[in-house]
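Note that chain A is present in both complexes that follow, paired respectively with chain B and with chain C.
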Partner chain A sequence: MNLAATSFGIAMAAGALSIVAALTIPARARSALVGSGVAITGLAGVAAGAAAMTGQAFSLALTGVLPLSGVSFSLDALGGLFVAVTGGVAVATGIYGISYAREGSRSTQAALPVFVTAMLLVPVASTVGTFGLAWELMALASLLLVLTEHRHRPEVAGAGRWYAVLTHAGFITVLIGLLLLAGHATGDSFPELREAAGHLSPAVAGIVFVTTLAGFASKAGIVPLHAWLPRAHPEAPSHVSALMSAAMVNLGVYGIVRIGFDLLGGGPRWWWLLVLALGAVSAVYGILQAAMGTDLKRLLGYSTTENMGLVLIGVGAAGLFAASGDRGLAALALAAALLHVVGHATFKTLLFLAAGSVLHATGTRDLDALGGLRSPMPVTTAAFGWGALAASALPPGTAFVSEWLLLQALIHGLPASGVATAIAMPVAVAAVALTAGLAVATFVKAFGVGFLARPRSSAAGNAHESPATMLAGMAVAGAAAAVLAVAPSVVLPGVAAASNAALGAAGPAVTGVVTLRLAGIAGSLSPLMLTLALLAAVLATAGAVRLLSTRRARRAARLWDCGAGPLSARMEYTATSFAEPLQRVFDDVVQPETDVDVTHHRESDYLVAAVEYRRRVPDRIERRLYQPVLTALSAWGQAGRRLATGSVHRYLGYGFYAVCGVLLLVAVTR
Partner chain B sequence: MLKLWHKIRRTGRVAEPAPAHPGGDRPAAAVELGGSVQVRHVDAGSCNGCEVEIGSVFGPVYDAERYGARLVASPRHADALLVTGPVTRNMAEPLRRTYEATPRPRLVVAVGDCARNCGVFAGAYGVVGAVSDVIPVDVEIAGCPPRPEAIVEGLRKLTGR
Partner chain C sequence: MSALGIVGGVVQPVVVVAVSPVLVGLMRQVRAKLEGRAGAGIGQPWRDLRKLVRKEPIAPRGTSEVFRFAPLVLVATTLVVAVVAPFATTDSAVPAGADLFAVVALLALGTVALALAGLDTGTAFGGMGASREMTIIALVEPTLLVAIFALSVRVGSTGLGAIVTSTLHDPARVISPVSLLAAVALVVVIVAETGRLPVDNPSTHLELTMVHEAMILEYAGPDLALVELASAMRLSVFLGLLANLFLPWGIATTAAPLAILVGLLAWVVKVALLGAVLAAGEVFLAKLRLFRVPELLAGSFLLALLAVAASFFLA
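Up next is the complex of A and B:
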């Protein structure tokens, strides 16, 4: 028993105990016990993942647990990375949930440890059966958690329906792909699949890859299968949103990397061009929708689509480089993608937990009704501010390092062979750059409008700071984001081990402790020094301003309000008005619906009584793609109603004829 | 765009030749400004006759900017206030606040007869009084409305150019 196995065992035991505690302990102590149990599960998961990334591995087969195939687990460096990330998110959300989920019912309290345990099991599963089991357990537990507040808000049910349909459709395509692969192998364990993949015809391998990609992309919230994400994330309780957005979507990326690189052993260029294109479209579309959004949690949900898009750009680029034989660059691109997975997990946890704290204090997620939270909620404001900076790809932030690495990989990919690569790389660079710019605008809006200035509603005016455990949960996530921002070299060896496990490339792509150096490429970055330099510049500027300004006598003056009475909160910049110029620029892409209603006085048409302005930015892809399908489905359903008359005899008859039909079909085709 | 260039070339300079400097005493605060005066215009209740004339003062013909006076959009940017009209009840407080918002050294120019002594509106029910009843005035320009030359002359007293 090595450290990885021991820690993983502890994680599973803690998870199981938390489930039991949630079901048996009386309500008073329940949330505290479940929250600490989830945090311990997460902590043990981090230890197991870290041990796996340093080279320890374990495998375990329990043949008696499930009929037919049994279950078997094996933890390697690639799985270890995702186990560690999931564990880390679970630590923060577990602590946060102690007071946040206090009113939760028995079943929703129990679903949380089930969800975390299932997410820890997915990257460890080493047979198709086990993988499917863990995947489905994760989907069901998260669905239950999304539906937590369905009694209080009717819109939760709709969000849950979207999530259930898309996640299960995704599961089915993944299953089809994996079973197709297993059909060509001697068994359903991953080593057997890996061996069989060598003899697969390109067409079958392509089908396997595309079907699994569709399923995993829907889990990762990739356009056009993202429709569930901006619905389910806002409606779920915030610590669940954090778990889903920071840990669960990553497992979609895990699936793509595991199947594409590890099991199928890379592949032709078009696979990875497809991944790259999906990633680029998701990144730009996701952040564009986030930039237009006024719902705080919906905005964060779209930002998840954006970040997963960036990760897929890295994964796609890695596949392209690997297909052209450039293993060093492939390792760099994959390391950038995986580092972004880790970084995104930290700052998105922080942002969702801070948004949950705001929701807890004010009861609203509408940015246009928030504002003025700085003095009543200083810690939450600081947490969200730091999270926004970390997500913005600006120098002292977490996303900056991984996006810099990603851009380095893409830019140096230009001389790599092939017309497709030569076209794809500059486009990808442009997509990453546009995404980074829009992300800054989005988070400036979310932070500036949501937290600063004056409160725009009485709910925001009466806000109060959250309890200590919630703040502690945010502090854990914020500290992790800070460590990744200034010292990414802490996790880079682990990331390199994971990417080597996937690609089989030797040697880390990024070396150095304080200064990161790229292997084989002239490029280096020192996040710590950069942060220190920025800090010194800020302090020097502030000091200089203070020194110079004290020489002159200061005069206190009234705030200039054009001489007419005091400025009211209604005159403030809102999220809608902040996004308006951007909306104009991208008018053709987002196609917003605006509606102006002018009501005149009864006496004269020249006098205006009221003007009402409404703006909605609908998800255009969703409308074009899903609306026709839903309409057709509902038409079929209406037509099918004639078959279901309510007569039991008729239903029995259907069953009988169906069985006969299948038997006939088998008899004919055999 | 090309049309505009043609128009500019065809029209040439239309500014009146600069008259001789009016002379007279310069307010002490104006000397501190060193020849460049940023002006904020405040309509305290004018009939807009003075506004039309001020508009032509800063137009191409009288071109007050060549003497160093320039219109700005906020009292926070201004050195001088150009106040027109009798001060109405509604504008008395905003005028005081605008004066307070102007950084020191600050100057006030009362433009037109109404601003100097309420003109034809003297004693009207909505009028508080002349500009000097509300804020201290440094320069007065007479006329109803004053000719643009007179306003330019008043501004040149401030800029000293």
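Up next is the complex of A and C:
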């Protein structure tokens, strides 16, 4: 029994105990026990994952648990990374949930530890059967959690339906792909699949990759299979949103890396060009929708699509380099992608928890109705501000480091030649660049409009700070994001071990403690030094101002109101008006719907009584792609209705003709 | 960290702070002369700063720490860029920070701080300026990054020092299509980023046209002095980057006192010349309508993409 196995065992035991506690303990102490149980599960998961990344591994086969196949687990460095990330998110959300989920019912309280345990099991599963079991358990538990508030809001049911359909369609395609692969192997364990993949025909391997990619991409919220994500993430309770957005979507990436690199052993270029293209489209489309959005949690959901898109750009580039035989560069690209997975988990947890705190205090997610939260909710405001900085690829933020690494990999990939690479790399860089620019605008909007200035509604005006455990949950996530931003070298060895486990490359792609250096190519960056330099410059400037200026106290003064009396909150810029110029720029892409209603006075049509302006930015891909399918389905249902009139004679007739038809078919084909 | 780098890291920020207001004065003077006015002299920006810094600090009601810290962050980001980037010396005091992405991101951080300050005031002007500035930066950032990509591909590094040194060793590169396309793209985005004509008019207070001025409307006294100083510094930093990425000659490659002196002089002269050309060009330009600006930026993005394509197909 090594540390990895022991910790994983503790995690499973703590998870199981939390489930039991949720079902048996009376409501008063339930959320505290379940929350701490989930946090302990997460902490043990982090320990197990970290141990796996330092080279400890374990495997365990329990043949008697399930009929036919049994279950078997094995933890390696690649799985360890995802176990650790999931565990970390669970720690923050568990602590947060102690007070946030106090009113939750018995079943939803129990679903949370089930969800966390299932997510920890997915990267550890080592047979197709076990993988499917853990995957489905995760999907069902998360579906239950999404539906938690269905009694309060009717939209929840719709979101749950979308989620249920898309996640199960995804599961079916993954299963088809894996079964096809297992059909060519001697068994369904991953080592046997790995061995069988060596002598698979390119066509079969391609089909396996594409079908599993479709399923995993839908879990990761990749365009065009993202439709569930901006629906389900906002409607779930916020700590569940954090778990889904920061931990569950990662498992889609895990699936792609595990199947594509580890089991199928790389593959031809077109696989990875496909992955890269999907990533680029998702990144740009996701952040565009987020930039237009006015719903705080929906905006964060779209930002998840964007970040998963960036990760897939890295994964696709890694596959492309590996297919061209450049292992070093492939390791760099995959390390960048995995570091982004880790970084995204920290800041997205923080952002969703802070959004949940706002929702808890004001009861609204509408940015147009928020504002002025900094004095009533200083900690939440600071947490969201830090999360926004970490998400927008600016120093000293978390995403800055991983996006820098990603761009380094892409830039050095161009001389690696091949026409496909030569076209793909500039397009990928342009996508990353466009995403970076729009992300800055998005998060300035979310933070500046949502938290600064004056409250735009009475709900925001009466806000109050959240209880201590919720703040502690945010503090955990914020501290993790800070560590990754300033000293990413803490996790880089683990990331390198994971990417080596996937690619089979030797040696870390990024080295250095204070200064990150790239192996084999020129490039270095020191996030710590940059942060220190910035701090020193701020202090120097503040000192110089103190020295030079008159040392008088600041005098409070009126804001410039054009001399027209006090400014009201209605004169402020809202999220809608803030995004309006951007919406005009990307008018052809997002195609917003605007409505202007003018009401005239009854006495005279020349006098306007009220003007109402409404703007909606519908998801265009969703409308174009899903609407026809839904229309066809309902038309099919209408047609089916005509067949079933309720007449027993008719049904007997159907049976008779069907039997005759089958008999005829048998007679003809034999 | 070499001796040359340390000298550069100490001298460059001092020169940037001291000379930037003079650069702005010079540009105003060039415009004034071309428009047939006498002008206030090139020392006027410094006199304005001195006046502002002595005034009483003001805290507009309803603003928070974000509003108070934004000018500090704005100046600090520009100072860090002045320390790390190769303006007078090829080596950097913090080599691990002299990366083009880091420099672009640092300058963007300053803009973000100012936009948040604009939103923090809660006035229509502040929100309007912030919204417009963010729209512009969302389009400027991609162009900057893609143009950088074009320049770094052939060098194999995004280190500023490496790009400058490689151009020094191979002067023929300057007139290659890659360089020319990237240079044009960079000129457009620098004009946009520093708020010059035809994107923004630095000398107007007309609400329909304002971008930068709308964001900083609530600042007064020492805070305004910092903001004004920072925008002057950003202008000279951007012009210095443009000059040294494409015409690096004269920059000091050794720590000899003479070489450093020549490096400093060459830098100041290049930036002054670029500034004078920019100011002369502004005389003939009117401000673009706000919603025509994205078209201009999209054009420069396309040029940058063409530069990347050229860097591969002509390599």
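We take it that the second predicted complex is superposed on the first by the 630 of 670 C-alpha atoms of A that agree within 3 Å, B and C clash if a C-alpha of one lies under 4 Å from a C-alpha of the other, contacts with A are read in each partner's own complex, and residues count from 1 in each chain.
Methods note: a contact is a pair of C-beta atoms (placed from the backbone, for glycine too) under 8 Å apart; a residue touches a chain by one contact, two chains touch by 3 or more.
Since the structure is predicted, the reported quantities are computational estimates derived from the model, not experimental observations.
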State whether A:186 touches chain B only (first), chain C only (second), both chains, or neither.
neither
Once the shared chain is lined up, is A:599 touching chain B (first), chain C (second), both, or neither of them?
neither
In the overlaid three-chain picture, which partner chain does A:564 touch, first (chain B) or second (chain C), both, or neither?
first
Counting residues of chain A in contact, which comes out ahead: chain B or chain C?
C
Pick one for A:447: touches chain B only (first), chain C only (second), both, or neither.
second
In the overlay, answer first, second, both or neither for which of chain B and chain C A:24 touches.
neither
Looking at A:404 after the superposition, I want to know if it touches chain B, chain C, both of them or none. Which is it: first, second, both, neither?
second
For chain A, which residues belong to both interfaces, chain B and chain C?
555, 557-558, 560
Of chain A, residues touching chain B in the complex:
555, 557-558, 560, 562-564
Taking the touch rule as given, give the residues of chain C at its contact with chain A in the complex, in rising order.
53-62, 64, 66, 69, 72-73, 75-77, 79-80, 83-84, 94-97, 99, 101-102, 105-106, 108-109, 112, 115-116, 119-128, 130-132, 134-135, 137-146, 149, 152-153, 156-159, 162, 217-218, 220-222, 226, 290-291, 294, 301, 305, 308-309, 311-313, 315
Could you please specify the touching residues of chain A with respect to chain C in the complex?
291, 371-372, 374-375, 392-395, 400, 404, 407-408, 410-412, 414-415, 422, 426, 429-430, 432-434, 436-438, 440-441, 444-445, 447-449, 452-454, 514-516, 521-526, 529-530, 533-534, 537-538, 540-542, 545, 548-550, 552-561, 567, 569, 571-573, 577-582, 584-585
Spell out the part of chain B that touches chain A in their complex, as residue ranges.
74-76, 93-95, 97-98, 100-101, 104
